[in-house]
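One structure is given below, encoded as structure tokens.
By written order: A, B, C and D. Residues from 1 in each chain.
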Amino acid sequence: MSLYKETLMKHFRNPEYKRDIPDSDFRKDGVNPSCGDSITLYAKCDCNKVKDLTYTGNGCAISMASADILCSVIKDAEAPMELIDDFINFINGEDITFNDKFTVLEVFKEMQQYPARKSCALLPWKTIKALLTEN
Amino acid sequence: MSLYKETLMKHFRNPEYKRDIPDSDFRKDGVNPSCGDSITLYAKCDCNKVKDLTYTGNGCAISMASADILCSVIKDAEAPMELIDDFINFINGEDITFNDKFTVLEVFKEMQQYPARKSCALLPWKTIKALLTEN
Amino acid sequence: MFYIVKGYINKMENLFPFLKKGFIYMDSAATSLKPQSVIDSESDYYKNLAVNTGRGSNKHNYNTTQQIEKIRTQVSEFIGCNNSGEIVFTKNCTDSINMVANSYVRNNIPQNANIVITQLEHHSNYVPWLILSRDLGIESRIVPLKNYNIDYDALEKLVDEKTFITSITGMSNVTGAISDIERVISVCRKKGSKILIDAAQLICHKEIDLNKIDPDFLTFSAHKIYGPFGLGVLYGKSELLKEFTPINYGGNMVSYITNKTEIHYKELPAKLESGTQNSAAIYAFGTTLDLLDKIINIDNENQINSLSRYLIDSLEQVGGITIYSKPGSIISFNIDGVHPHDASDFFDSENIILRTGNLCASPFFTNMEVGGVIRISLSIFNTRDEVDKVIKCIERIKEFFL
Amino acid sequence: MFYIVKGYINKMENLFPFLKKGFIYMDSAATSLKPQSVIDSESDYYKNLAVNTGRGSNKHNYNTTQQIEKIRTQVSEFIGCNNSGEIVFTKNCTDSINMVANSYVRNNIPQNANIVITQLEHHSNYVPWLILSRDLGIESRIVPLKNYNIDYDALEKLVDEKTFITSITGMSNVTGAISDIERVISVCRKKGSKILIDAAQLICHKEIDLNKIDPDFLTFSAHKIYGPFGLGVLYGKSELLKEFTPINYGGNMVSYITNKTEIHYKELPAKLESGTQNSAAIYAFGTTLDLLDKIINIDNENQINSLSRYLIDSLEQVGGITIYSKPGSIISFNIDGVHPHDASDFFDSENIILRTGNLCASPFFTNMEVGGVIRISLSIFNTRDEVDKVIKCIERIKEFFL
């Protein structure tokens, strides 16, 4: 299955960020309406940058791996909102090239052929977007 | 049009009983649900026999002729309810032969081929039946 | 009768297979005949796509759902609406109107408000409002007729600051008169009344461009515009659809439920579409819309109008006929002194299919001598020859009855 | 796979044309594939009959209406009901259930009454009742599950003298479990509760004879029993249907109106069928019922059950799989440790159509570790060979994920 790339499966099987942050600044729940899968994000923020991000939840490999990868890249982003929008557009079929720090995101390129699973990949990203927009 | 027999048209064009009875014992309105045509019957009754029956109303040739013919035959009927039921069954396709006094009713034989018009022919008969059943 | 596509001349019978059955079909206002390609398209759905849409997580299901959603966009573009989320698929036009009445007006109308309808309405755009106003004890105002048409001056007086909604036909199914929608909408906007256009008849005979006319709601059925049965359309402004409370709950419109009782709905318009949808019908209607672009287009109206003028002229020549219509696709009339149902049998015997009676529009007949009419409704396949046959039949009827 | 009719052996693909598309179709519980003759029949309606029924005074219209009404009789006989006036045609099963809730229960339920449903229900037989009880401030009681099935002992306690209606699935669309209807009805009769059977799934897998079981209401959709989309059925006892207040008003159900406001309705069941009906779908469903007698009959259940046993055996051999079903047409399960949606992609890549997720029955998953299942639903055309392919795919999934 070309969708389930090795990197992606690595993040799913051995997640680095799947835990909560007890003293997080912000918390946000997200739900995938097409299946009911849910995720909770925990964030520490500072000057519009995300200092630390983790997640807990129960979902398919795509959504869990996507969450783990999100947590791993967001900390380095100068402009997190831009990165998030880029990723959302990328999944929705736009031709976006990520800069060096974020090439890992290209593991989702295949998603464009699996439109039914887009909402899984997007769940953590839409949730962080909601979190940042609200706060 | 084989439906519109001469006798029938005679009753429609030159009705004998199309008038009210100001001092009638009973009055009854009937409506044809498929078109909204309406009729009013006026009856004088005595010992389960209909002594006099007339009608007013506005409707198609079939319903008006049927009313006129009803009025003409009902007065002679020993058992009016039976005659009415016979006629209703006849229109609905049963193979009924009427006795000498009522052969005029056979003018409606053709109706069996015009099922869409049955309710027109039946309107006065169902109305008299309702009148007799109620009283 | 022929039609032309890509330079080739085709027989109308190939476009509309029912024409091969030997009837003269003059009842298109009741339901239009279905083009072969639309019929085939509904079959194709079952043969090639088959699944029910909107639910499954599998790929074939997802792709099929996308195709159906594209048709939603096609429908919205067809009426000049640029947000397919404002298109709700329903069972028929009647269902669409009732949905506005029950899901929106019922929950949002203030007690001292009123509702305006007209005496020209089809039962489907009349009874729901009567019942609603009875249930809630509010006033319903019925715009009277003037020369068999809506009395617009009366309408201007009846619509006032307390009018919550004005619901009006875009084209009468009795007379064929096309309503002055611009005028009605401008009155409504001035007074703050919402406006619903019942486009059941209009949709097939006049281009509707929501960029130009701007009602709050517009409703129609697919089956009266060369589409299949079992499909209606409700257009509603998105800010108003948001205020809708569904009446029908169940599959398709619910996303999931947590803790047994917390119900999470899908987004609009799915939220208003409950149970398994008629995807085969939607698919077929997509084919209808393709066809409307290519073959059956607004130009055909000119042809219908000229045939209609010919019919009216011929009826006038026969004499003793009361005509309720101006030239257009629908011509209603009575043969003076002959009950429409008696006439009906004679048309039957000539295999002419037309409609007689109150046409589900009985308010029209209030205080009239007659309780029904004979209605001829013309489409692009009808011919002068057919009109001549109808006229001959009418002459026979007159001879017989008068 | 073959089927036999009049001694001739035919390919299943000729009966169900979608089988030619190269998919393994194991989603018949979502919608059954449509037989060629049923598809053709819907087309035939448009080609040969064409008109909308129930209204016109003309002969062709009358005759066509008669044909449609004969199918109503056929439907009633199919479920052992001897009064076709107790059959209401609706949009789908969801519509039928909502009609009972809104046209009957809503207007007739006393304030101190309660409603009983179960945790095994499809959203369509669950949400309407939740909403109704919220709107009216009455109690809704949800019978819990025991071993993934209705807890009948709990049901006996929850149904009491104040229960107005008990609405229960005849067969679960999650587990495939067939409910003990006799027991439920006898409890309801004892306590005086009305009883609705949601037969959406049951109808296709068990003969229903209303002379034997005697519910007040029974609902289903044509599309889940080899019929077309866009058609539902509501059976209701005539003395109860008489108490229904319509929700949708308009054409077809109104006979005529006098003095602008006195509405005269048609008799039941037309009174509950508003707007132009989907006569083409009804006509096609008549063909379905003919076919059910001839080819697709209850005997086929044995074949499905034996294939199902084979599937369950095979799943158990694979190991590490939680199965929620007993042998029957529906088998739901989870591959332990694999999310159903991840599994879904692998089935897709093998052209296997089945369903994953909450199956519009999310109450089932309350307090469970998982929020969805993989559901295989079998029909008469499925083969051991296909089951083997599914099992291979499951093995690949396990290999990949575990």
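As a working rule, a residue touches a chain if its C-beta (ideal position, glycine included) is under 8 Å from a C-beta of that chain, and two chains touch if they have at least 3 such contacts.
If you're wondering where the values come from, they're calculated on a predicted model, not measured in any experiment.
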Co-neighbours of chain B and chain A - touch as defined: C, D
Chain at maximum distance from chain C, centres defined as averaged CA atoms: A
CA centroid of chain B to CA centroid of chain D, Å: 47
Centroid distance [mean C-alpha coordinates] between chain D and chain A, Å: 39
Geometric centre distance via CA averages, chain D-chain C, whole Å: 31
Sequence positions of chain B contacting 2 or more other chains: 34-36, 114, 116
Of all residues in chain C, the ones touching two or more other chains: 57-59, 61, 256, 258, 340-341, 344-345, 357-358, 362, 371
Every chain pair meeting the contact rule: A-C, A-D, B-C, B-D, C-D
Partner chain B, residues of chain D touching it in the complex: 57-59, 61-63, 66, 255-256, 258, 264, 266-267
Residues of chain C touching chain B in the complex: 339-342, 344-346, 349, 357-358, 362, 365, 371-372, 400-401
Residue ranges of chain A touching chain D (in the complex, touch as defined): 1, 3-4, 34-37, 58-62, 114, 116-117, 120
Contact set on chain B toward chain D in their complex: 31, 33-36, 114-116
Footprint of chain D on chain C - complex, ascending: 17-18, 20-21, 23, 25, 27, 30-31, 33-34, 38-40, 42-43, 46-48, 50-52, 55-61, 91-95, 97-98, 102, 119, 122-128, 130-131, 142, 221, 223, 228-232, 247-252, 254, 256-261, 263, 274-281, 340-341, 344-345, 347-348, 353-358, 360, 362-363, 366, 371
